Amino acid sequence: GFANVDLDRTRRTGYPETIYCSGKTKEQILKIAQSIFSKESRVLCTRIDHDKAGYIQEFFQESTFYDNANCLVIGSKPAIDTKSYIAIVTAGTSDIPVAEEAAITAETFGNDVKRVYDVGVAGIHRLFAKLDIIQGAKVVVVIAGMEGALTSVVGGLVNKPVIAVPTSIGYGSNFNGLSALLTMLNSCSEGITVVNIDNGFGAGYSASVINHL
Amino acid sequence: GFANVDLDRTRRTGYPETIYCSGKTKEQILKIAQSIFSKESRVLCTRIDHDKAGYIQEFFQESTFYDNANCLVIGSKPAIDTKSYIAIVTAGTSDIPVAEEAAITAETFGNDVKRVYDVGVAGIHRLFAKLDIIQGAKVVVVIAGMEGALTSVVGGLVNKPVIAVPTSIGYGSNFNGLSALLTMLNSCSEGITVVNIDNGFGAGYSASVINHL
Amino acid sequence: GFANVDLDRTRRTGYPETIYCSGKTKEQILKIAQSIFSKESRVLCTRIDHDKAGYIQEFFQESTFYDNANCLVIGSKPAIDTKSYIAIVTAGTSDIPVAEEAAITAETFGNDVKRVYDVGVAGIHRLFAKLDIIQGAKVVVVIAGMEGALTSVVGGLVNKPVIAVPTSIGYGSNFNGLSALLTMLNSCSEGITVVNIDNGFGAGYSASVINHL
Amino acid sequence: GFANVDLDRTRRTGYPETIYCSGKTKEQILKIAQSIFSKESRVLCTRIDHDKAGYIQEFFQESTFYDNANCLVIGSKPAIDTKSYIAIVTAGTSDIPVAEEAAITAETFGNDVKRVYDVGVAGIHRLFAKLDIIQGAKVVVVIAGMEGALTSVVGGLVNKPVIAVPTSIGYGSNFNGLSALLTMLNSCSEGITVVNIDNGFGAGYSASVINHL
Amino acid sequence: GFANVDLDRTRRTGYPETIYCSGKTKEQILKIAQSIFSKESRVLCTRIDHDKAGYIQEFFQESTFYDNANCLVIGSKPAIDTKSYIAIVTAGTSDIPVAEEAAITAETFGNDVKRVYDVGVAGIHRLFAKLDIIQGAKVVVVIAGMEGALTSVVGGLVNKPVIAVPTSIGYGSNFNGLSALLTMLNSCSEGITVVNIDNGFGAGYSASVINHL
Amino acid sequence: GFANVDLDRTRRTGYPETIYCSGKTKEQILKIAQSIFSKESRVLCTRIDHDKAGYIQEFFQESTFYDNANCLVIGSKPAIDTKSYIAIVTAGTSDIPVAEEAAITAETFGNDVKRVYDVGVAGIHRLFAKLDIIQGAKVVVVIAGMEGALTSVVGGLVNKPVIAVPTSIGYGSNFNGLSALLTMLNSCSEGITVVNIDNGFGAGYSASVINHL
Amino acid sequence: GFANVDLDRTRRTGYPETIYCSGKTKEQILKIAQSIFSKESRVLCTRIDHDKAGYIQEFFQESTFYDNANCLVIGSKPAIDTKSYIAIVTAGTSDIPVAEEAAITAETFGNDVKRVYDVGVAGIHRLFAKLDIIQGAKVVVVIAGMEGALTSVVGGLVNKPVIAVPTSIGYGSNFNGLSALLTMLNSCSEGITVVNIDNGFGAGYSASVINHL
Amino acid sequence: GFANVDLDRTRRTGYPETIYCSGKTKEQILKIAQSIFSKESRVLCTRIDHDKAGYIQEFFQESTFYDNANCLVIGSKPAIDTKSYIAIVTAGTSDIPVAEEAAITAETFGNDVKRVYDVGVAGIHRLFAKLDIIQGAKVVVVIAGMEGALTSVVGGLVNKPVIAVPTSIGYGSNFNGLSALLTMLNSCSEGITVVNIDNGFGAGYSASVINHL
């Protein structure tokens, strides 16, 4: 067929290939999903909308569509296989879709996730009220748009790895997330690494790898 | 001569023309300074180095060179003519030269200035330890390089105007201050306005205008 | 719920949280509005369109939708609580929606606002004809797109703080407002501070803080 | 030799090839100059420093080095061959070297030039005081750095072609002249065309072509 | 009303205010048009679509809509009042709408225009075949997208002013016209000045000013 | 007519003018196609959608529309006139439309093409499995979006010319293909040259020229 | 003094404040170092040159300067306190200074580091020859300039966290490391997170945090 | 040692590893050169200055330093092993160093090179005068700075592969070669592929690969 699915990936990297659905037709997604599902017990589809997901779900016995994450998981829900957990923190309410992409990714890969949403620095007491959840995690994902300052504040308060996700929330000189991206790359706090703008999947994946160490 | 000094500026804007010395020869600076000093009791020269300042100082009876601000003030030291004060806050120690340009500008224009330096968000308790000084000011200048996150945190904690100054401190994707500039323009906190990268003069000037309201 | 509304903000900054509605569903806006309105006498919603506003208005006894500002104010109209006024100046007619966002914000927070629209430098006599209104204000907001030159001209003629708002009006190398933004950040006039492209809200907010000093 | 001088240019475009000396050795410049001078009565060298100019001048009977323009003219001074004149206007004193490059270029090509320097919009009365000189010209060159707003103001006040030259004077978000360049390209005034940053030569050349129409 | 039309512009600059219709409602355009038409015999509206133009035309006795230029001219067709003519040259067929905006602008202001379209450098013999028309003009407008190389070739072959208009035709690293804009600003040919991307109006206006010298 | 078709191109460059259909009306495309087809046995139309292609096909006896390449070929299918072949390699499945534009272009110009799709570096064994096909080609086209790393890996493994095509597949800091473009321009492997983002046509054309050497 | 050292940092984040020496005078560095050393058994100074380091070393009994890392460690060499190790991989030899900054940082914080240098994709067999060292690490740091493609290849071959460091090695459209930065942010391989250009320190720090989990 | 030289490269790609000397010490270059020379009969060093070259030359019996190319070739001069030749064309004299890097690279790899320098489009007759040399080549390298328009003109006149090299010659909005780079990537002529700014080596290498087909 048109695609050359990487069916060996679990052996090499520990996880099967995830299907990035943006720009693929529903028929293409289906074929790739079937190919992976023939070897794996679970397939994660990201950036998939309600309609494409509905089409795919008809072909599988068990699957779940996560609306606010734009994710479809084919196969049974995974059990949590770690004792430690991942904290996923957002600055605003508008960052939640990206956070949910990260959360569903991590949960699909067997992680326990705790969500701490809408605690941005404009009202920093909201962060301090949830600090124990954040400090108790094995790895922290911080998701923020606009100027993304929350990352630096969290970075200065924890002794665990922090994965930062800039979002494209904002306008004008935000330049579709560039502002938050630069903030996170230039953070004066230590222990912060960064993924692409709006890349909830990448953050959830890396957090899962770290949480399973 | 070559220059067309704006000797009417005090009448219109309340302050005489300040001499921006970068890229001017010491002879040019001297001529402009003499022209302004013939009508004003005090002249501020910014972006002036030790050597040019020394040359100029020979021609005036009273003058002070501020080394870490790269500023020269010709004429007597001004008295403080306001009851309220300006707080000037920096994230790091490397931001101090820009802060001093702001401070000397504000002091030259008759303001009481309180300095709160090196309280960036990597160790946010340092900010909270000085919060009463900041909250007591009539106007706050926040100066930060790298990702500039301090501005948003301060903005969420005060009910006074905040003037943000991005500095060019940093490297790589800092892009000579672009990172901090975008942070400050996109802040999720309210009441923050921004001046050019490294423009301590502009911040000190605007803070002075507000402090004299 | 999904949101973690900052109900303590009035105590800290003097104003309640404003709801930025772009990218939020009408149900989300309603919940946040109800949460804030339970503690405050007035709620400002910005970047809200006619339809969402209509939905929200059904749930409150008193509210006003400002069409050309894309703002909804829940609660009664505020009284003017200041003697001084804010001048809001635009270069063109296309900048008016941003100006109205600034004006409604300022009026909602108790300010007297005087509007001076369409006085850009292509016909600079229009500015001079209104100069007394501008010079009489306690703080001036200048709003301009394209090349934004009006800001520098106004800055050279007043002795009060000037808040500059670049707009995204223009095309080609305007780069969605970047041109006006850079103009304002690099102004050769003094006393000018800048907010994000199209950020009428931020300018109205900061002007209100200054007008209440 | 290494160079392939365009000795036919006067026939096609009305002017001989000008030597852009930046990045050429003094020996290269000399060879090119000799080649052109063998066919033309005058050779213009731009972006040439004091040392290279001195070396070249030894080889020619008559030549003049213009220090603040970084220009060398080989051959006799040209007579003014036009009745109308070119006005060259700058915003600040730091823009003068670019203005002089334009002026020497225009004068070398036989034009009468009137200089109006340091009349930027921070003190706009300085412009109005010289407006009759500007309005009397057949073509106006406006040269400005920082935010370059002067161009738009002049553009709104004259009925003659305006050639705008952005300069690299400024710092921070000036981005080496980008700010002034964008201002000039996006001007809300009409009748303005633009040349490259610091391109005094190009402006002087185009002004000469227009002045000779 | 909302607008502050510059009714004095003809006296100052020789031409009435043109209405830039993008982003204005048809009612706004009508009011501005009526205000200008009360003092001028002709009104030019640019960036206007078929529908808005139809609405406006109902209110005036005589008017013409130019479809491929997106221009509406209210009032009678102007007579040609110059002996010399303007050549308008394009590189491709896709650049024609911008060229027509320039042509209609110039014709509305009384100029004789000769069109030379689709003569880009990929087939440079097409340019040479029309060179006499181009060389016979008093001023040449060159319009090109993609890499815009045509401008430099024309610039090297004429002794008249060349106004270059970059268009947004292209894709990928064309960056919506940036590529052609930079080409034109950096041209190795002399006598070229540049207007904003897609700014046919500006080029036609400036060409008219020059053609009337 | 409006267009000035380059009917001499085959003589000069070996190939007739290809019609770039984006932004042209179907009537314009038809006229240009008829003009070229009157002199050539085959016409290639790129960036054409299903509807426009259908309209054009009515007017010609023989033609083929390639759906996933957005290409229409008017005239009979060409015979393969070369012994050597071109390998066209993609990193992902989303890059296939660009690859097909390259493939159809090359086939239309008489080349034998071998397709190697979806062998990106995330699963590099897929590349090694097809290495003999790639190494056997006379010229290799590598097409990749996101970070485009495949190009460098292929470049280090072949001794034939490699033409790299960045695609706009990706999001966030991909900046519509800029990321892959910069990767390819800065490759540490040798023998790689680059065409514009998404320019499958250009790659297929250049590969054909090389394959016919 | 001028600095407000964060002496509480070890308690909060597990590590003391590191001194970033670029732009600080040797006297400033000394004071900050003494302040930290009074509470900690070891102080790391980065971006310090030979001369400043020599000055500082006079004031401490035990210290080591790492020439090719531009790092100074004050205090005794730390013991390795982890069983697992960190692999630090570079694409070229020019990336080694950044790699050494990462390595010294990690070693100073008690980690075992294995170096795998100069294995870039232009000769990919060099990478495969060292793959077991890389796959055996608990966390992998990949450092590359130019186009940075090595990161994606490594990312596809390991099941451990990968921290990517773009370097500023390259020229032209490398834009001082932007090219490698974008490559790493847009990698098609999973499990990769990114730090700032040339930020060896940040990578070593984060790797240490992960290696100690 | 520090470097991991790719001694297998000739087998894979047909050419040994070339040493890019910028940023390497003379001792590092020597070691790498000795390692390659132990297996190959010739080593090419690029971006090497006079001093480093002198140091290296002491250690080898036969070597040649090319001053205006900044290249050092260790070993005997290669014989020309092809019948066809490569044409290397520049727009200006300032582009010659990049052209010589390309020429020496191609000659070192056994090619016959014909140089056509200083034939830019400002005087396009210079190009036509040399057209037969260019059209007779098997592959053409076109090197240009400023706006780089020469590439498109050449591209429209030959039926052989054209490799375009943008140079960083220019100033202002040239942005260190970005202008010429974008021109070449967006060329309306076909058959053009592009290498990095100032990358004469890459162009010479690719031209050699094609010339040997």
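Order of writing sets the chain letters: A, B, C, D, E, F, G and H. Residues in each chain are counted from 1.
Operating definition for what follows: contacts are C-beta pairs under 8 Å (C-beta built on N, C-alpha and C of every residue); 3 or more make two chains touch, one makes a residue touch a chain.
All values reported here derive from a predicted model rather than from experimental measurement.
Shared contact partners of subunit B and subunit H, listed by label: D, G. Mean C-alpha position of subunit E lies 56 Å from that of subunit G.
Here the spacing of subunit B and subunit G, counted between their Cα centres, is 35 Å.
In this assembly, the C-alpha centroid of subunit C lies 45 Å from the C-alpha centroid of subunit G.
Of all residues in subunit H, those touching 2 or more other chains are 12, 122-123, 156-157, 172-174, 178, 181, 185-186, 190, 196, listed in ascending order. Per the contact rule defined earlier, chains pair up in contact as A-B, A-C, A-F, A-G, B-C, B-D, B-G, C-D, C-E, D-E, D-H, E-F, E-H, F-G, F-H, G-H.
The residues of subunit A lying in touch with subunit B in their complex are 91-92, 120-124, 146-149, 151-153, 155-157, 170, 172-175, 178-180, 182-190.
Only residues 93-94, 96, 117-119, 122-123, 125-126, 169, 171-174 of subunit C touch subunit E when the two sit together in their complex.
Listing the residues of subunit E that touch subunit D in their complex gives 12-15, 18, 138, 156-161, 163, 181, 185-186, 190-196, 202, 205-206, 209-210, 213. Partner subunit D is touched in their complex by these residues of subunit B: 2-6, 8-9, 12, 17, 20, 22-24, 28, 32, 166, 168, 176-178, 181, 196-199.
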